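Below, each structure is written out as structure tokens.
Each of the two complexes below includes chain A, the first together with chain B, the second together with chain C.
Entry: the complex of A and B
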């Protein structure tokens, strides 16, 4: 029997990083008290007119250019009509026939060493809805409209993905891209980046099958699991002679299954029409050129540069570009120290470990790139050893000040005085005549033992390289 | 294309309007009258005419991305039929899960 082919298209909602809503001057700061950031327009009160936020346009253009799409020089807002309490106007303002980012865009993904290009149908501007709270009040639903009117860019892919792995690779790549473009903070927990997956199966060479939509899954791992489950479910239905129903399904990560939302019939008739309250948005060539010039370096280019110019491995380059914040931190550190490899080691070593343990993002690190550069400078000039540096780092992490302050306060200065080191070396050699004899008898690995003893005698403060050199010289003499 | 009774019922449901059974025929007639007018307009030659998305021949005005609104929740909620713990309350919506 011929195998089923999986067909996946994704719709991604990226919340744009603005101060205010798309059509009103209300703040969109996350986590505010309910309805304290919802004005009369956001509440859908009559007599209020929307005025478009200037900041969303350059962000949409930048995105369009980054994926190589045509920019809609004249885009139009439409009303998408449906009833739900968290949408008090009775329609969502969106773009339908004339989106701001038109066709022609794509994104390259890599899965198991194979590169594929995924088409992007379009991307349009729209407003978010509010939030409904269902279980808190007997017989009533609570509505918080703080989120209503938050600016979103909805990015619609072609049905070009053929496996859950490809879908996740595309979603991750998009997640990375919008952050590097500085148009979305990518925070999935706060709902700033939401992925809906359209999944169907068919036999190659036959028309696409009926699709199910998996909505609002907020982790990449769950997206993969949800698609895997959904594909297996559809195969089972079709192979037992059934039919897949077009519907929205919710993924339950605890049971690892998708469940039908049992939508009402006709629920998908949105009766779009141009919004009479908003005029067409016109983009001039100059607006596009301005964004093209200001285009930041994108992740793929960064990775190539890290490998070519700084000799980092592909894996390291990948880790260091995991987020815009990460690569910003790294590049600042390299600028300050001129040491790409060492900077990379700090970032992927002690810093990442500390961040993971504290559950912090790199832009929340108590040790800034500048502070870390200060510490690296003290290792570089021999003031402290690499081992001491780790100690200084954790003190800096705990808020005990800059590297120099910590070194001073803890008396961590490395002993580099030749005379003092020679004195300690001589003492150690005098205390261990048997080991000296063994070394001179050819057991050169005894050197490590002597280094250890000297370091112990110096309470770890002697410069290990110097200790080594002095030891070798003294052992050769005696 | 003529509108039938079942179309009226469907449109009314989408628009959340309640149309009495005996009114349906009348409403269908009115809607068909509107469609007749559109039919006349359809016969006009429009090849090469740019579709107009708005009757005003102007482009969208833009607003600076600066917070201009202050918290007026208490005033707004005073005129709401029901509000509690800062939330607007509406009759229970059955979550379709």
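Entry: the complex of A and C
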């Protein structure tokens, strides 16, 4: 018997990084008290009119260009009509017939060494709904309209993915892309990047099967688990002679299963029509060119450059482009120091460790790229040793100032004066005649003992390489 | 005093021969005396009016007034007015105090025009007779058996009866011009986009346009200048090169070419109304205007197109009235669907429900192409007719309505006959053009309006023709016996 083929398409809602809502002046900052970021328009008051927040347009264009799609030169906002308490106007303003990002786009993914190109059908601008809160008031539902009107870019893929792994690879790639484009902060916990999966199965060569939509899954791991569960469920249904129902299903990570939310057959006829309160969005060639010129370097190109120009490994390049903030930090550090490999080591070593321990993102690091460059310069010019540098880094992390300030305050300056080191070496040799005799008698490992004594005498500040060299020279002479 | 022009009132106020408080009190007194019967106001706001009048007087005393400062105004109850009930003629908003001012209200407030109150209207501006108001029928001051027209029937009746010197109105399919014609006053619907819709409760957004309802063309020019202009809060609002609409009032009409569309004088038009309008056109010809025939071949498509598109937009615009956040909410809803169904069933009247049903139907899957899309095509044909006609003339004139004001109750059982009462005004809204009604005489003892339609943003030319007509006629000075 022929195997089932899995068919997956994703709809991703990326919240655009604007200051205010897509049609009103309310803030979209996360976590405010309910309904404190909802003005008269967001409340759907009579007579209120939407005014497009123009900041969303260049972001959508940038996205379209990055995936190689055609840009809708005249996109139109439509009304999607349905009743729900968290939808204050009774319709959601979205783009239906004429989206701002048209066809032609795609994204390349890699799964187990194999690359595949996933088509992107379209992407359109729309407003988010508010939130219904079912557990705050006994027997009642609360409505929070802070989120209502938040700008979203809905990115619709072709049904091109054939496994849960491919779906996750695509979602991750998209997650990385929108952050590098600086159009979405990618915060999945706060709902800034939401993934809905359309999953069906069929036998190759036959038409696609009926799909189920898996909604509101807020981590990549859960996307994979949810799809895998759903595929198994559908196979079981079909192989026992049943039929898959077109419906929306919710994934429950605690039980690792999907559950029916509502059947789409009962869903609304949305009665889309062009919103008469908003003008079509007209995009000129110049608008497109402006975004093309301002297009940041994308992750794939960065990784290639890190490897070719700076000789980093593929793995290191991957880590250093894990987020836009990471690569920005890294590139700033390289710019300031000219030392790609050393910069990479700092980032992936002490800095990452400290960030992980503190639970901070790199753009929240108390040690900025400029500060770290200052520290690297002091190692480079021999002012301090690599070991001291770790100590200085900790102090900088704790807010004790820049590298030079910390070095000064702690008196960490490395002793590099040849005369001073020779003086200390001679003193140590004079104090330990027996050990000198042993060394000269062939016990060369005694050298370590002398180095330790000299470093101790210098309170750790003598340059170890110089101490080594002077010791060897003196021991050979005496 | 209640029948004086804005110019005269303004001069007396500026010279301090008259105070705004005296003037405002005069209108409040008349409202108290007459409106119990006439029912042109939903809400009268005496305290607010007198407070504003006092402030206006202080400004005038300091010599800081605008020419409209101190002249009271009545607002159609479709305009949101802060802390004042804004009902839109509906039970749905019977308890609704608006938390903000519409742009039009804000602008007139800023000039110091005291608000006398909010005028009656067809529910959500859906109607041509003011009979669909939750607040009862407004009577026609000329004949109390007759409707005042609609939907701005309250504003028209109030101005005609001297219960307000001027009023605001809104026109989606004729709602300024038809009641102006029925009540014998002047009313202009500006080009779509000239007056901000912000705060004007939406019926059919791509048609709705606010405008003034006044005693004369000159008054209308003054008011329109105060109301029009770009508003960043309304995306469909337009930046206007000039808003000095009175600039050409004094220019003679002899340079103007007046187009008369044959289709506006065809079957269905009352003979006496036709004769009255023809007589008005003859007056214009006598004044030297060149009268030419023009054609609007798709006129008959307009009503059908409008009654698909306007309900479609309305069905969506009125979805926000769901009983959740404000407005009427039913008692003890069982569940969410019950809350929606009963709040809306109880809160909306028959005509509103009818249009929501029609609008929902024409937008439904499978019907969209047959109705909505086709109606949009007709809309373009109707607009193209006007564009072509204006290649041959400066302005188009004709009747406003096929008859004079009909009797109360005459058309309430036959919605289609009510819809056809707007067959001359609706094409103008489909095209988004400016147009005006000015009093042109009487038929069957009830007023007749002359319809003047202009090219986009040429309100000043419409007002010029209307004003010149009013220089040689005095229909606009006629006042019904009871209200002199």
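Here is the rule we go by: the second predicted complex is superposed on the first by the 430 of 478 C-alpha atoms of A that agree within 3 Å, B and C clash if a C-alpha of one lies under 4 Å from a C-alpha of the other, contacts with A are read in each partner's own complex, and residues count from 1 in each chain.
The working rule: a residue touches a chain if its C-beta (ideal position, glycine included) is under 8 Å from a C-beta of that chain, and two chains touch if they have at least 3 such contacts.
Please read these numbers as outputs of a predicted model, since none were measured by experiment.
Here chain B and chain C are compared by how many residues of chain A each touches, and B touches more.
When the two structures are aligned on the shared chain, A:271 is found in touch with chain B and with chain C. In the overlay built on the shared chain, the residue A:44 is in contact with chain C alone; chain B does not reach it.
By the document's definition of touching, neither partner reaches A:459: not chain B, not chain C. Residue contacts after overlaying the shared chain place A:281 against chain B, while chain C stays out of touching range. Judged by the touch definition given at the top, the superposed model places A:143 against both chain B and chain C. Of the two partner chains placed around the shared chain by superposition, chain C is the only one that A:79 touches, whereas chain B remains out of contact. In the superposition on chain A, A:255 makes contact with neither chain B nor chain C.
Of the two partner chains, chain B is the only one that A:24 touches; chain C does not reach it.
Within the superposed three-chain model, A:52 lies in touch with chain B and with chain C [touch as defined at top]. Common to the chain B-facing and chain C-facing surfaces of chain A are residues 40, 43, 51-52, 81, 83, 85, 143, 269, 271, 276, 278-279. The touching residues of chain B, when paired with chain A in their complex, are 10, 13-14, 16, 53-54, 56, 58-69, 71-73, 76-77, 82, 84-93, 95-97.
Within the complex, the chain A residues that touch chain B are 18-20, 24-27, 33-40, 43, 51-55, 57, 76, 81, 83-85, 98, 132-134, 136-137, 139-145, 250, 259, 261-264, 266, 269, 271, 274, 276, 278-282. Chain A contributes residues 40, 43-52, 79, 81, 83, 85, 88-91, 143, 269, 271-273, 276-279 to its touches with chain C in the complex. By the touch criterion stated above, chain C contacts chain A in their complex at residues 79-80, 86, 88, 93, 96, 98-100, 102, 197-202, 204-206, 232-236, 312-313, 315-316, 318-322, 324-326, 336, 340, 360, 363-365, 368, 372.
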